[in-house]
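Chain IDs A, B, C, D, E and F follow the sequence of writing; residue 1 opens each chain.
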Amino acid sequence: MKLSARNVVPGKVLSVTKGATTAHVRIEIAGGQVVTSAITNEAVEELGLVEGGKAYAVIKASDVMVAVD
Amino acid sequence: MKLSARNVVPGKVLSVTKGATTAHVRIEIAGGQVVTSAITNEAVEELGLVEGGKAYAVIKASDVMVAVD
Amino acid sequence: MKLSARNVVPGKVLSVTKGATTAHVRIEIAGGQVVTSAITNEAVEELGLVEGGKAYAVIKASDVMVAVD
Amino acid sequence: MKLSARNVVPGKVLSVTKGATTAHVRIEIAGGQVVTSAITNEAVEELGLVEGGKAYAVIKASDVMVAVD
Amino acid sequence: MKLSARNVVPGKVLSVTKGATTAHVRIEIAGGQVVTSAITNEAVEELGLVEGGKAYAVIKASDVMVAVD
Amino acid sequence: MKLSARNVVPGKVLSVTKGATTAHVRIEIAGGQVVTSAITNEAVEELGLVEGGKAYAVIKASDVMVAVD
């Protein structure tokens, strides 16, 4: 499946923290940068996300802000 | 200013492409990964975003999806 | 690629309207319902989106609101 | 109230699953397609969302991605 | 129509700036605060948005970040 | 840090309600209007958000919808 989202960033799952309905998944991408995602618990199970597994952080361009010092 | 967004990723502006109201800003982050952002033209001017300038890609955790092959 | 987004809805492209940087893509899904998406012109080209083509509307659960009369 | 969101899709509530603060509401729309929404528990109560009740899935065009096989 | 979005803020339209596909609508809310929205040109026409008209800024709680100095 | 988000609205924290992973923060802005935000528990701790504290509600323009009666 090819996706319109402009940002499909490869990485490795560092941790999965499940809440009651929402899980936080931390993904280490190139350069040691860590990206945090909030997805449903259901998605965690369906994708079989586990620590150490390969995963992509996927972000629509319109959801990316820019900041400067 | 400290922000609740979990993802504040440092990088360098690769390009700024202005549309009629919306601009696309490409930011190179660690490891050569490129992140594309869609922000208002007004924000581009206010932040003084130019090619080669330092900038952060800022993304709320709830806007990050996860994918696996 | 399997995606954490809970909503991956199959349909057919009805129209593609390109702006300066942002395109509006209308997708007809089951029951004749039409879903409108706003994505980058770049994504339209990369995905080869054309009228009549098969496509999915993909929506993260946290981006879906609910309303009642 | 008329809303700028381009996608206001009528359907029927299939299930409501409350977490600690976030609830997942599954809505069956035309053609048997199911849309999952993540909203606050507070909104579930305020809208009186119950299984079998009529509801709309409301989605801003800029939150809809497109994918192709 | 009652909406799950937690933030439905009444105000007055200050300006409407149409791009090729996306319009920026500035709404003055209580206390003189101005909120900027990016919606489709189509929505501007459908809602009949004009300077001085009454309008609400509608924002899902999961789209609101928090910052501190 | 200067942010591309068009809406940085000053206010005072009314309440913080933590869930398992997601917290709801209500902020009173000018004119007594209350804005509800959903952020991670981690962000609440990192920003030291407490009732009565000063805080900004930060919202990207593309996440603001418009409604009319």
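Please note the rule applied: a residue touches a chain if its C-beta (ideal position, glycine included) is under 8 Å from a C-beta of that chain, and two chains touch if they have at least 3 such contacts.
Which protein is which chain? UniProt says A, B, C, D, E, F = Molybdopterin-binding protein.
Bear in mind that the values here come from a model prediction, so they are computed numbers and not experimental data.
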Sort the other chains by how far their Cα centres are from that of chain D (Molybdopterin-binding protein) and give me the top one.
-> B
When the contact pairs of B-E are compared by residue number, which of D-F, A-C or C-D has over half in common?
-> D-F
Centroid spacing, where centroids are CA-atom means, of chain E (Molybdopterin-binding protein) and chain F (Molybdopterin-binding protein) in whole angstrom = 17
Counting in whole Å, what is the centre-to-centre distance of chain B (Molybdopterin-binding protein) and chain D (Molybdopterin-binding protein), each centre being its mean C-alpha position?
-> 29
Chain D (Molybdopterin-binding protein) and chain E (Molybdopterin-binding protein): spacing of chain centres that average the CA atoms, whole Å | 21
Please work out the Cα centroid separation of chain B (Molybdopterin-binding protein) and chain C (Molybdopterin-binding protein), and write it as a whole number of Å.
-> 23
For chain F (Molybdopterin-binding protein), residues that touch 2 or more chains besides their own = 1-6, 19-22, 24, 36-40, 42-43, 47, 56, 58, 60-63, 65-69
Answer with line, ring, star, complete or other to describe the graph linking chains that touch.
-> other
Complex interface listing, chain A (Molybdopterin-binding protein) residues touching chain D (Molybdopterin-binding protein) = 1-5, 19-22, 40, 42, 60, 62
For chain D (Molybdopterin-binding protein), which residues are in contact with chain E (Molybdopterin-binding protein) within the complex?
-> 1-6, 37-40, 42-44, 46-47, 56, 58, 60-62
In the complex with chain A (Molybdopterin-binding protein), residue positions of chain B (Molybdopterin-binding protein) that touch it = 3, 5-9, 24-25, 27, 29-33, 35-39, 43, 47-49, 53-69
Using the touch rule from the top, collect the residues of chain D (Molybdopterin-binding protein) that touch chain A (Molybdopterin-binding protein) in their complex.
-> 17-24, 36, 38, 62-63, 65-69
